[in-house]
Amino acid sequence: MSETYSYLGPSGTFTEAALAQVPEAEGKDWRSVNNVGEALDDVVSGRSVAAMIAIENSIEGGVTATLDALANIPGLRIIGEYLVRVQFVLVARPGTTLDEVRVVNAHPVAYAQTRKWLDANVPTHGHIPSTSNVAAALALFENDLADAAIAPPQIVQHHALEVLAENIADNANAVTRFVLVSKSAAVPAPTGADKTSIIAELPEDRAGALLELLEQFSTRGVNLSLLQSRPIGDALGRYRFVIDADGHITDERVADALLGVRRFSPHILFLGSYPRADKAPVQYTARYDDGVFLEARQWLAALIAGEPEA
Amino acid sequence: MSETYSYLGPSGTFTEAALAQVPEAEGKDWRSVNNVGEALDDVVSGRSVAAMIAIENSIEGGVTATLDALANIPGLRIIGEYLVRVQFVLVARPGTTLDEVRVVNAHPVAYAQTRKWLDANVPTHGHIPSTSNVAAALALFENDLADAAIAPPQIVQHHALEVLAENIADNANAVTRFVLVSKSAAVPAPTGADKTSIIAELPEDRAGALLELLEQFSTRGVNLSLLQSRPIGDALGRYRFVIDADGHITDERVADALLGVRRFSPHILFLGSYPRADKAPVQYTARYDDGVFLEARQWLAALIAGEPEA
Amino acid sequence: MSETYSYLGPSGTFTEAALAQVPEAEGKDWRSVNNVGEALDDVVSGRSVAAMIAIENSIEGGVTATLDALANIPGLRIIGEYLVRVQFVLVARPGTTLDEVRVVNAHPVAYAQTRKWLDANVPTHGHIPSTSNVAAALALFENDLADAAIAPPQIVQHHALEVLAENIADNANAVTRFVLVSKSAAVPAPTGADKTSIIAELPEDRAGALLELLEQFSTRGVNLSLLQSRPIGDALGRYRFVIDADGHITDERVADALLGVRRFSPHILFLGSYPRADKAPVQYTARYDDGVFLEARQWLAALIAGEPEA
Amino acid sequence: MSETYSYLGPSGTFTEAALAQVPEAEGKDWRSVNNVGEALDDVVSGRSVAAMIAIENSIEGGVTATLDALANIPGLRIIGEYLVRVQFVLVARPGTTLDEVRVVNAHPVAYAQTRKWLDANVPTHGHIPSTSNVAAALALFENDLADAAIAPPQIVQHHALEVLAENIADNANAVTRFVLVSKSAAVPAPTGADKTSIIAELPEDRAGALLELLEQFSTRGVNLSLLQSRPIGDALGRYRFVIDADGHITDERVADALLGVRRFSPHILFLGSYPRADKAPVQYTARYDDGVFLEARQWLAALIAGEPEA
């Protein structure tokens, strides 16, 4: 049986563009799904070996559906990270002109990211929300509730749509971060340019608990590239934190920080260590090098064994 | 001219229920708008004296549109906080029965909060997203794309809809927190049960910057009830933080913490000090009492003035 | 050959009283020496199996000669701690009366601790410093430079001296802490009421280095009972710190703190883990229990081994 | 009546050399006293306008008698700081040769600092302690208990002594720090190269209290050049801390740190702000500049006054 990869479809989405960056997925079955829940369900049930899901957008922030799904579905692991530059076009049924556009179909995130352009160029437009960027465009063929749709540029490779305007995103540098999620508990080998993701709850009974959580990393020289609070959901003011730390679980300083978090947090979930999308080697000062940790452990072991100090 | 209050409408939304808690709004004009942007626009332009907007949900977390709008629109102030318990009903056109439901119209947040009930009771349903909980219900009269809608219980006071199921929220204790926003720079008088909201950016060039931000509060004994990261939007990994601190800006410990944040942060926005919705008096240890701050200032002033110590 | 114990003599000193508390020293050779250097020299050279030396006084603070000797002489270990209540008598040659006393011979520490009594009762006295409390008394028989001496109460068991006044220490609760020092690298077994002593230098190139040193203990819930700065001696403002931490090196939280200090400090000296003189069991919160450390290590090992989380 | 300055005499001591650095003392009465207590007594009683006392030695550390006297005598202020390089000569009665030396008279601190030289060059010597470096030398004329004395080089300008050896200090860079102490509550004007000295007790009931004390300075970017623990004296393990902070009490960051310590400590004593002996301008990062503090206060005041943000 062939391996299957799930992704938020249909063809033409940014998620598909992320999956296209995965060498292992080339030539395999790609399964288009409707939302993050379905994608992760495919992985849990074994229908797919992995799923590509959006986890963070430089404009909109963490994708809360993804973060909450990762927190609540046990047994998942992130095995890779991919970046896709976000750009949009305004498309319509062939023959439509820009001045005819009254109602725009758009995924809420895409709508938010093109709002300024729309306000300037289609000032009196209405908005119909859609479940995905591609679905917004396809709805143009299904009904005439909308006159135009906001879609990724690659949409025209798949569908006979007219591009009314290009590069309409308000921020030209927007980027979305995707992760490839599998059930495999094996951790990818360290590359020197890795990330480690966890989700940790704070103890309830302690003031300054977040400070203490962050210190587990800072006192070992481990930098964080993501810190996103998410409600645990049982009461206002109770949070878990999604954390991306620079480095690999087999790096001594990262391992020691994880030990500290494990001892401190009532609930910690290890989401994985995996190569960074930008392949930038992790920076840290010499005092947090693996050798320093090893030397200290040998020193301690000798003391406990009753050997005289060298 | 009469005073106007803006809220996310139409009649029957949770936001309207929040506005109904404001004594000053009683008997005034209530203006129903379509989104947070419009509501705040009304305030900025002077069309309304204040707008009620959702800021946090115990299940979904911070309302990112609200948090980002408050960060980006200058001159706004929060003057009050209100809590509304979130509960949902499944409604349909009169005559529809539950087993006839195939497609459900629902605001994405409402859909997420009733997903378990739907999966159990309408397992093969499809979902059409809507812009508000009430709009989802009203769409039933406009077209037959959906067979049922998820709506707040109070919807039936306004519209002739059939309730197919009550209390369908997956979490019975879900609550949404709303804030009343105005342009008034005058700070409401302290009540002893107050909250202070700010938005602060972290300096770019410094590791451990979030730790330092949090310490500004912890070293003055000021507890935080909200800490939400939001992307600044110019690059991945750059965040601002929305913070709710216990206490009023005229409390010495809060004022001193704000001074610390002001000196530290490249950009801080004061969103206001206002009475807490739950009216719970702020707890703090005696060492952070106003009198302790005043005594220390008098001591320092005497030293600098060259007076001998008492 | 019989075992020998060195102590600051001669007979009658507080140090001798401390050595009398050591069961293992009973019936062995006790060697009286003149200062801390000689006592430790005996241990290093093998002349003695152990030396009893004063390390801290509740009035005078750390005994700097002891602290500096421990820092500079390699291979020494503290194997026990003993407390002696400090009390003084004023003695004279038989026949002398209090109103005849003009000059008092006294060790500087004893002189400092009885100064108020002397000022009140012998207001016009002069002071001759002596090398030990007993030497001060013995000098009365050697020359008549002094009329009286300050000495420990037990002096009269050894010498024919007249007690002019008893209990003349200004602070009735003064106590001196002694440590028994040997060359043995074997660490005494943990008793649950232990202390661990180290001497650590601060890295030169880092502001807040002392804060970082202290955090190594506080973040593992390890309390410090002694923190004494001593100049390294090469320049003003360069310090090493003598630290007594609650607990035993085989306690996980203490071991982890020592690892942290070892990684951080350019020079750390382990002085030993040994039973506390007061036999008070070490207090710590459950979150720093050995089991918590072990569980975290097992969790991490399983993750690295690629085993699924339980 | 002429102004008088007290110092630890007699003529020829390092303390006299420190007093010789004070321009205001030139041509005034210099009063030689026997110890720190007498010197400070002169100031308190008004006999002297100021007293010069040793406070720290680069080899021996803080002068405990001075630190404790400053902690216990109210109303004193440090108004200046002076450094004297410490060097010693071995002197004897005329006609004595080095190989005739059996017993050496020396102040204990001087003895400790020349011990290595003595062990190498006068291996079988005995030691008689003296109350001051000069007194040790003068005793050679009073009795023949000792054959030689350790003294400051300048001793030979005052007395007919034979120098047996020069530069016998074990550390050629040893330096002693002196402070000039008066009763004046007026703080010397800031020079940009100032020091601020305080003595602070830790609250009893709080773990991590020292960490919190140090953070008062570190979070305001104030560097410490001295941190010396001293027992409060009522029980083992209870300490006060003598602290020298870079900067002047009228520097905003120093003032704010002092406010923090005042609020935190059950007992803080301000010993003074005064020019540093080394005249080295205080270094600090721009974020702790006075202007940053002033701007923050203006911002806060405007918010509380209800003025719109600029």
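What to note about this one:
When the chains are written out, they are named A, B, C and D in that same order, and each has its own residue count from 1.
The definition used in the following text is that contacts are C-beta pairs under 8 Å (C-beta built on N, C-alpha and C of every residue); 3 or more make two chains touch, one makes a residue touch a chain.
For clarity, every value in this text was computed on a predicted model and none was experimentally measured.
Chain geometry summary: the mean Cα position of chain B and that of chain C are 59 Å apart. Computed centre separation for the pair chain A/chain C is 57 angstrom, with centres defined by C-alpha atoms.
Computed centre separation for the pair chain A/chain B is 25 angstrom, with centres defined by C-alpha atoms. Within chain B, the positions touching two or more other chains are listed as 215. Contacts between chains close into a ring here, every chain touching precisely two others.
By the definition of touch given earlier, these chain pairs are in contact: A-B, A-C, B-D, C-D.
Across the interface of their complex, chain C is touched by residues 74-75, 185-187, 212, 215, 219, 249-250, 255, 258-260, 262-264, 269-270, 287-288, 292-293, 295-297, 299-300, 303-304, 306-309 of chain A. Chain B makes touch with chain A in their complex at residues 37, 56-62, 64-65, 83, 108, 112, 127, 129-131, 171, 173, 175, 177, 207-208, 210-211, 214-215, 218, 223, 225-231, 233-237, 239.
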